[in-house]
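For clarity, chains are labelled A, B, C and D in written order, and residue numbers in each chain start from 1.
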Amino acid sequence: MIKASVLGATGYAGQEIVRILSMHPQVEIAGLGSQSYAGQSYSYVYPHFRNILDKTCKSPQDPEVIADADVVFLALPHGLSSSLAEEILQQGKKVIDLGADFRLNSQKTYQAWYKAEPPSQELLQKAVYGISELNRDRIKVSSLIANPGCYPTSIILGLAPLLREKIIDTQFIIIDSKSGVSGAGRKVALGSHYSEVNEDIKVYGLPRHRHTPEIEQELSLLGEEDIKVSFTPHLIPMTRGMLSTIYTKPKAAIKINDVIKLYQDFYHHEPFIRVLPEGEYPHTKYVLSTNCCDIGLSWDERTGRLIIITVIDNLVKGAAGQAVQNMNMMFGLEEDIGLNKIAVYP
Amino acid sequence: MIKASVLGATGYAGQEIVRILSMHPQVEIAGLGSQSYAGQSYSYVYPHFRNILDKTCKSPQDPEVIADADVVFLALPHGLSSSLAEEILQQGKKVIDLGADFRLNSQKTYQAWYKAEPPSQELLQKAVYGISELNRDRIKVSSLIANPGCYPTSIILGLAPLLREKIIDTQFIIIDSKSGVSGAGRKVALGSHYSEVNEDIKVYGLPRHRHTPEIEQELSLLGEEDIKVSFTPHLIPMTRGMLSTIYTKPKAAIKINDVIKLYQDFYHHEPFIRVLPEGEYPHTKYVLSTNCCDIGLSWDERTGRLIIITVIDNLVKGAAGQAVQNMNMMFGLEEDIGLNKIAVYP
Amino acid sequence: MIKASVLGATGYAGQEIVRILSMHPQVEIAGLGSQSYAGQSYSYVYPHFRNILDKTCKSPQDPEVIADADVVFLALPHGLSSSLAEEILQQGKKVIDLGADFRLNSQKTYQAWYKAEPPSQELLQKAVYGISELNRDRIKVSSLIANPGCYPTSIILGLAPLLREKIIDTQFIIIDSKSGVSGAGRKVALGSHYSEVNEDIKVYGLPRHRHTPEIEQELSLLGEEDIKVSFTPHLIPMTRGMLSTIYTKPKAAIKINDVIKLYQDFYHHEPFIRVLPEGEYPHTKYVLSTNCCDIGLSWDERTGRLIIITVIDNLVKGAAGQAVQNMNMMFGLEEDIGLNKIAVYP
Amino acid sequence: MIKASVLGATGYAGQEIVRILSMHPQVEIAGLGSQSYAGQSYSYVYPHFRNILDKTCKSPQDPEVIADADVVFLALPHGLSSSLAEEILQQGKKVIDLGADFRLNSQKTYQAWYKAEPPSQELLQKAVYGISELNRDRIKVSSLIANPGCYPTSIILGLAPLLREKIIDTQFIIIDSKSGVSGAGRKVALGSHYSEVNEDIKVYGLPRHRHTPEIEQELSLLGEEDIKVSFTPHLIPMTRGMLSTIYTKPKAAIKINDVIKLYQDFYHHEPFIRVLPEGEYPHTKYVLSTNCCDIGLSWDERTGRLIIITVIDNLVKGAAGQAVQNMNMMFGLEEDIGLNKIAVYP
């Protein structure tokens, strides 16, 4: 059994990690760290855990939370993971960080977008960007994972086959993403207040949402050239789910079935990626509560544009699920163990 | 491995059975019967099953659907199960019927409330009312289960301890229930049309909802006297979940902690019933996608009334989950196998 | 033109007053008082007012807000209205208080339920409980209105005809109310956080919600005897709307059409009360954004119980709309002026 | 008083016309035509009209519906308006058609996209495309209005200033639109079934939604060149509201405040268009139940792209409201009469 601790266990991403790990046949929860709820039982904070996980939350600073674990998941606001990760690694344990601290290779870029001190260059070099399907080999041997953001996950998976095959004009990538409200976390704010959000849609983060450099870094690596994108996130009135509509321009006219074939081959054998046949497009509901990313493709010959639509559950493949998928790899387990769920529907 | 078939597999209750059975470690799906979608793959009807269950739906009349199974779940409109059940039982297989046909012991009552032909008295006598926690001994040895309705489940579990202990005035039971929209099924109708239901609440079925005789029959058996109740269902704008608020009058003043203790003892060791401590009340969200029934209790000494609040997921404990719980018992499996899930939250 | 000021103008009830008054042909907004947003323009706080009301909010303590007005609406947390009202009345202006301070005639009851200092007995005696349809004569000549709470409005209007006619057993009144989330106001809190409230229903305030004494006081006045009720509020996932299901026991068997006739006569000529014919029941959506209260009635001869179902928009008839209706009366205007709207549907 | 009839009065767009006209001080409802509900009272079909409009619906073929009217609104499925319009015009009455029949100037384009017979060239030449703010002079003198679709309205208003000023590269226009469910109408279908739509987002109509040629035709007229666009509609879980995110590429670098100034000047004095200041972006909730279109602008100098975000209420400015705005103009009334409402909020 792998012993896992979660720091930031009472936020939504933290809760989702705890939820998945509690049903994982090869994992035992070692410790739960929570700034806000230290000293209280987990099932008091989240009553759906009653009789399932009544363990007491500890302060994130409590050394036991780390000492008892083989792997520590960090689900903390950005800026807090850096020193913690160093300490955990020094104890010979593995770290999976769901925050932004280790996602950007460049300290300068991190400073520019987050207005905060980046981790040391040494630590950054240890970190592997944890987009499971694309960085599998490096994830398996890493002890520090920078788990991707939800938006970047939905976008990178949607564009990877095109960029690897150098099919599209990399100067023309427009990404219009829509997210459920849980992505904003459990911290109360007017922007997540029921009566403000219900029956409403808005853009936010314009023109420079913080996930942009992460998206551009990974797309540039895939495409082997410097890529800039337009990225516009929207908030829509639902709790979970994320859909990204990605507009691209192939260098030459394509046949939609060839592109679908390309995607199917690229993601062949992937347990969590489903490429849809021609004329079918994904719904977020099809992946709700699962680690799946469904991808649909549409070619508009009138305009010469290829549109990619991807959906994920922002808290699963966009956060906790991918983190556990990475943990499975790091510990040599079957990649889908604890994650082979069917979407809750309707 | 148990081989299970589902007739009515493409309705919401049928889908939930298929979903649970697909993740059940000791079950194999033998056949899927669907009037509307015979000949089409299950994942075409429900794309969240893509790559998971692509099996083709057959006509419910196709003899193979039954022949291949050890147990057949019937998730059909009322009136269709009677002859089917007889046929399946004759083949030495077990039947779990999620419809209303076998729930009422009295043919006369069935006719009065459903305006339809009841099953034969012989078949009715074979049927066991499948409220798992209360009829466990009979369920284990039965081959024909009348799986309870969602409203009755939420109500019977909430009142059983009081009725068994004969604590309350049985002439004073007022039940005010609230249900999510999935309870109305997948059949399109103006009453389930998004723009009509969203941002709305209404009562329906007044003054004689069809679940009333089923509720009264089971409460009368528990209380060992003839019990009549006021039962008012409401439709609220959410997909899954059911909350019943039950108003009762104890024969004498009580202490709330004694009543809570009574419930906790009554449901001791039950894997799916959680009795809440004083001052805590259940949310439907706490049981979403699980087979749990959470129960809260409130004593109002000003009026001498004891209020019981119960929540279930209408499609799980209120339908498919309880059906699988019953199947587990009928086949001598651990009762919670395939059902030990944690609520999807938030 | 009547000059009206609103203190607490940036809460939801305050906003609804401002919204209604801005479209009222005989009213001019004199001042907007807001603790949180003093110094900011109203359309900055509520961008749907852009180009419509860009007036700057002032501190509620700013004497001008009151000095400029003929009538002042107070939409403040309880406990703040008492001294303000006194001051405003002394300046010869009228006060309509949407808080709880003046609703309870008894200082002792106020203290017991609100754990706060009640207004002086003198002020309390000046205050008229502003349930428009029932207290019309007193409202017209009053200068201090205690505007009813949303729950009490939906309940008192539903029971008044029965109590006036002394038809029901007053010891048997069970009220099960369901409210949209806007009733909890604009102050952020976990209990109004989108991801917690969406797809959820819960009870709250058990066993002693603060609206109980207000309900009992007014029902007792109507029935001319001491009445106690069971009252259970629920929160459901919608923004606006309130439905109360009220269970009563007539002293003798009744005919439903007689009772409907009684209600229709009782509310004859009322512009905002609609009594539904037999077999029809109200939806909250039918009154959304209007000052209407729709009432449906159901007689269950099996149990001898009469069920009354009422719906209102909690922010309109349950707060701001009724306040303006009262203002209209106090100033000798047509009662429905500025309020004759048709529900936004769907 | 203007006498107005509505054919298709019981669909959602028809209902919204009836709702607005019922509160319009200069209009009297002459007739209500409904295929599905002929012979039933309007308030039976839509109980929120109880005591407000109990008029009986007639067959759309009933000559009285037209004969009694000065103006007839057609809210019918496409293909039905052509012969009706001709007949109404011959009687010397005005027609405002909310369907697609008269929107496309070219019969060939209509046939290609709608696979149906277009109106005669003669009738098409009479029809004026009713985008109120842009075609005011022609609307005023027209007797046949082709009222724009909801998507086109939100898009054309967002792009008009840029196209008139020839600032952007017309080969680079990407439109990503999100609509509430009421846009799909009142006809029941699985795609509007509550449990399927709630907590879900999907694209639809790819790659050739029928609103595309209408959008391109009007943008081409504005830009005075042949314009093709990428247009992708999405369905999101809310009843009313539409947000379009439009990606453009200015021919040269711009200053955002210059562009905002351009828009403010362009829409100066428009009662229903609100251009937001720098850094503010519209929410659909800000225009709910109003005839407003709010526009926000964002310049991303990193990519050289200008993003326009527009919101409307799909049933008001996107359908019934704009229709009444056009009627006001056609009859020489103040343009905002009957439409000067403040958004219902929250």
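Throughout what follows, a residue touches a chain if its C-beta (ideal position, glycine included) is under 8 Å from a C-beta of that chain, and two chains touch if they have at least 3 such contacts.
These numbers come from a predicted model, not from an experiment.
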Given over half shared residue numbers means same and under half means different, the chain A/chain B interface is same
Farthest chain from chain D by C-alpha centroid distance is chain B
Chain centres from averaged Cα atoms put chain B and chain D apart, in whole Å, by 46
Between chain A and chain B, the Cα-mean centres are separated in Å by 36
Distance between the CA centroids of chain B and chain C (whole Å) is 39
Contacts with two or more other chains occur in chain C at residues 12, 182, 186, 195-196, 198-199, 237-240, 282-283, 285, 288, 346
Contacts from chain C onto chain B in the complex sit at residues 174, 176, 178, 180, 195-196, 198-204, 206-208, 228-230, 232, 234, 236-241, 243, 245, 247, 281-285, 288, 296, 298-300, 302-303, 305, 307, 309, 311, 346
Residue positions on chain B within touch of chain A in the complex are 12, 15, 19, 22-23, 46-52, 182, 186, 199, 239-240, 274, 276, 280, 282-283, 285-290, 294, 340-346
Interface with chain D, chain B side, in the complex: residues 12, 181-182, 186, 188-190, 192-199, 237-239
